[in-house]
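Got some structures for you, see below.
One chain, subunit A, appears in both complexes that follow, with subunit B as partner in the first and subunit C in the second.
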Partner chain A sequence: MLPNESLLNYYFPNEAEVHWSLMIVIYPYITGLVAGAFVVSSLYHVFQIKAFENISRFALVAAFCFGLFAAVPLLMHLGQPFRAFNIFFTPHTTSAMSVFGFVYSSYMILLMVELWLVYREHFIQKAKETKGMAGWVWKSLTLGVTEYTPEAARVDHKLTTFLAALGIPWACFLHGYVGFIFGSVKANAWWATPLQPIIFLMSAIVSGIAMLMLMYAFIRWRTKKPYDFPMIQKLMVFLWGFFIIDFFLEALEIIYVAYEHGHHWSVIGPLLSGPLYGTFLIVQLLVLSVIPFLILGYITIFKPWGRLLLYLANLASLMLVLQVLFMRFNVVVGGQLISKSDRGFTEFHWEFFAREGVLPAIIILSAPFVAFYVISRFVPILGDAPEAKQ
Partner chain B sequence: MTSPSSNARRVFLQKLLAGSAAAGLFMVYRHPVVAALTGDDGDKAPDHDFAFVVDINRCIGCGQCVRACNVENNVPEGQFRTWIERYVVTPSGVHIDSPQGGMNGFDEVDESLAEEALNTFFVPKLCNHCAEAPCIQVCPVGATYRSPEGFVLVDSEHCIGCSYCVQACPYGVRFINHEKRIADKCTWCYHRVSKGKLPACVTVCPTQARLFGDLNDPNSAVAKVRQADNWDVLKPEAHTESMCLYLGLQRVVV
Partner chain C sequence: MNISPRSHIYRLIVLLVIVVVGFVAVRGLAIPSSWDSENFYRLDSLEELKLQPMHLGGNESCGGASCHDQERVAKHKTQLATVGRGSHKGLACENCHGPLSAHVSDDKKVASAVIDRENKLCLNCHAQLVSRPKDFPQFDTEANGHWYFDVEITKPCLDCHSPHNPRQMAAKKDKSKKQPKATSEQTSTNGEVQL
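And now, the complex of A and B:
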């Protein structure tokens, strides 16, 4: 079906190319994981959800690892990557995008300071134990503060709580900003909605929680350590809660535009019944939303335990990390499929080896996990003792 | 306990704070919002205020303008600073095409379509050099700007090639130049106009479907068109204050 009584699929000559492709799909995906993982750590630090005590540090390290690579897809995408720092040197303040450098770097600084506070006791201990080159590395990580007094621990705790609290609005800002970049483009009917920042934020939290669950289960399985079932149970309740809001907002946007039946619907209707029918309606909304929604509802209400809980939690989490990845694709690429001529759709061409192809996307998406693995060789991430209570 | 070093640190921090505040204030002071609120638009009114007129009733779809533009501006193959669309309006819908941007003219339409046709015409498209240009607003580094004479231009030395402007333009006139890897679009041939010439497409148009001139000159063709007030702009709902005035624009055109 073509929009607006078009007899021939027509798009403007310069629209043959989808300018924001896979790199811009995975950029908000990775920043979303940062924001989501951070929220989990703050649930313990700020909101005192005790069940997450043992994963709060893990969540923080995971957020940091994702954060390390959040800007890489952007660099890969830029036509002139060597000019990337122009965004710091000559920010054009009427552009929403101009704050990116400041939001992103300040968030990474906040993450690093919090990580340092959380780990500095470990650094000090290691610096004292280790000799030679490695000792110097540990020493440099202590930033020269080699005493750890109970008084210092108290101050650290207060600071950590403060940073974790500050991190919540900052994470909202970081990810709400990404949604705003899309939501404020009036030229694109599929993007332009003030709901976009909050949809991006909620889906970010969903993907972050779900990814932490998968990573946690994988680590415990690989290290043959017992699972903390009360924590998993609680995490799934939160995942369900955030996903309900996320899914409701995503559905609301479509229902609203369809019901309003205005100018936007004239292109969005054919978009959903045409190019996005499979990836959006069937995969994102039907399969990857409804099934995890039911599974998480089951976990929350009937409280399964043991292996069943583990399998269900992993299945729901896997589906939700994919749901959010599909959501990013459907928003970023989907919106650009609509021709600004309002008379047809352009096509997205998959590439594998190209600079913005599937292979670089897979490499960039894998990089945070490699970083996590490396970091986890050197610092304790998941405490063992308390989790043994099965 | 104020040791000399902590005193020095305090002084340093104070200076840092003062410096940051001054820099921040300067940025705010130079901000367009502040300028708009204080009525300080910086410069005096420019001598020229250029505009473009496209007369749809005159366009014959020969493609001369597209070819001239491509040559004049070294536009990469498959990308277009200007193009021509052919509209064939029938009772069952509208048939629009623009093979290779119309640069080689148009083959005849199918007989069945021709028989059905109620109306058919050509629409040249180019950058509208909007007074309220979304592309300028969204450029994160200020590489896209509006000259005092009304040209919307791209600083090719400064553009980072993020494509945000391509997304923001409601008219699809921007693209990322395949060869230069920066944002590109029609400049109204700024390099020619600044030497007193007309844009290439205007020069070669055999039917004067394209006009260019200074609105500040009451005798110019564009000033007369604007005065007559029978023009339209593309996508008026986008509120971009387009400076490309169309004559004979039908509602079916997007």
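And now, the complex of A and C:
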């Protein structure tokens, strides 16, 4: 079926190539992981959820590592990395992207300051223990203050709480803004909805929590240390909660457009039954949403424990991490498949080695984990006294 | 030594101030002096663009005003008049014959203008494309008398059509219902424009 009951699949010659390719798919994905991981850290710092005490630092470091690479796909996409600074030097207020630069940078500064406060005690301790060049590096990280007094600790704690509290609306703003960039494109029926920022934000939190769960389980498995099951249980309850909001917002958006049956549906209807039938309806909505929804519901209501909890939590998290990746693909690429003529669909051509191909996407997606590994060599990340209740 | 529990915060603030001041300073250096913040472009770029070497001269330069060979001047003018009457009147000479800079430099002819007799050049505009307007002439074996002469897409367009006034020539051929003899202009193969 073609848009507006067109008999001929008509699209303009300049639409033969989908210009916003895989790099623009993984850009909101990585940004979402930043926002999601940060929310978990704030759940402890601000909302005093004690179960997340041991992973709050871990969540912060993970958010920082994802943040380091959030803008890399954009640089790859532009192909002229040095021009990226122009949006900082001469930002134009009519450009949503130029304002994103400031939102992203300020958020990264906030994240770094919070991390610095959290790790200050460790930096001071290392600065005292280490000699030579490494000692100077540690000392520079302390900014020359090498005494860690109880009063200073109290000041740090207060400021950390304040920054974590400030970080929540800022993280929401950061990722809501990514949704805003797409949602404000009024010429694209598949993107243009005021719900887009909220959908992006919720899916960001879902992907962030799910990714933290997978990373946590992997690290504990590799280091052969016991799992903190009460924390996993609680994390899955939150994941379920955020996912319910995310999933039903996505579904409501479609149902709303379908029921309204307006001019948008004349394009979106054929899009969903045509090019996006497999990746959106079957994979994203049916397989990768319904199954984790049921698994997480089971975890929340029946409270399984031990290995079963671990397997179910990992399975659900893996599916949700993929669900959000599919969601980004379906939004970014799906929207561009619609011809501006409203009379047909273009095709997305997969590439592997090209600059915006699958291989660079995999490399960029792997980079935060490499950064995390490197950082974990120098600073303690997981609070290492979980209660093993197996 | 008794230091303030907030001393590290003060140092952090100083560091952040340095970062902000550094950014403002780098920004000041990076923005071009002629930057127009109203219209978002460098005003100097207009003058710089003017200094770029000219490649295309437009049909006025082909009109013969700067050409010293009077015989050529007359031929150029005649050909321009022919083009001006036909359906190709909206085209620039340089579209098919290459840029002026490759033909004339410092008011002297440096090379012959290009003559491309391949169908590919014609089909750049006249191949069938769904995105072209319906009334724009697009090659069709069934239309415009092509069916009568069994014209396929591989047959040289210039065998029948004058590139300078394609429609008029085609009308003549339709009346005669014969394969026309190519004009001297069309059969020239010495690579030089017969203007």
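By definition in this document, the second predicted complex is superposed on the first by the 383 of 390 C-alpha atoms of A that agree within 3 Å, B and C clash if a C-alpha of one lies under 4 Å from a C-alpha of the other, contacts with A are read in each partner's own complex, and residues count from 1 in each chain.
Operating definition for what follows: a contact is a pair of C-beta atoms (placed from the backbone, for glycine too) under 8 Å apart; a residue touches a chain by one contact, two chains touch by 3 or more.
These numbers come from a predicted model, not from an experiment.
After superposition onto subunit A, partners subunit B and subunit C are found to clash with each other. Once the two complexes are overlaid on the shared chain, A:109 sits against subunit C while remaining clear of subunit B.
In the superposition on chain A, A:374 contacts neither subunit B nor subunit C.
Of the two partner chains placed by superposition, only subunit B is touched by A:91; subunit C is not.
Judged by the touch definition given at the top, the superposed model places A:149 against subunit C, while subunit B stays out of reach. Put subunit B and subunit C next to each other and count what each touches on subunit A; the higher total goes to B. Of the two partner chains placed by superposition, subunit B and subunit C are both touched by A:10.
Judged by the touch definition given at the top, the superposed model places A:120 against subunit C, while subunit B stays out of reach.
Applying the stated contact rule after C-alpha superposition, one finds that A:358 touches neither subunit B nor subunit C. In the superposition on chain A, A:294 makes contact with neither subunit B nor subunit C.
In the superposition on chain A, A:340 makes contact with subunit B only, while subunit C stays out of contact range. With chain A as the common frame, the single stretch of subunit C that clashes into subunit B is 135-143; none of the other options in 9-17, 45-53, 63-71 or 135-143 do.
The interface of subunit A with subunit B overlaps its interface with subunit C at residues 8, 10, 12-13, 90, 92.
Only residues 8, 10, 12-13, 85, 88-90, 92, 109, 113, 116, 120, 142-145, 147, 149, 151-152, 154-155, 159 of subunit A touch subunit C when the two sit together in their complex.
Per the touch definition, subunit C reaches subunit A in the complex via residues 3, 5-9, 11-12, 15-16, 19, 23, 27, 30-31, 35, 37, 40, 129-131.
The residues of subunit A lying in touch with subunit B in their complex are 4-8, 10-17, 19-20, 74, 77-81, 83-84, 86-87, 90-98, 100, 181, 185-188, 263, 336, 339-343. Against subunit A, in their complex, subunit B makes its touches with residues 27, 31-33, 78-80, 83, 85, 90, 92-98, 100-101, 113, 125, 134, 136-143, 158-164, 166-176, 180-183, 237-238, 254.
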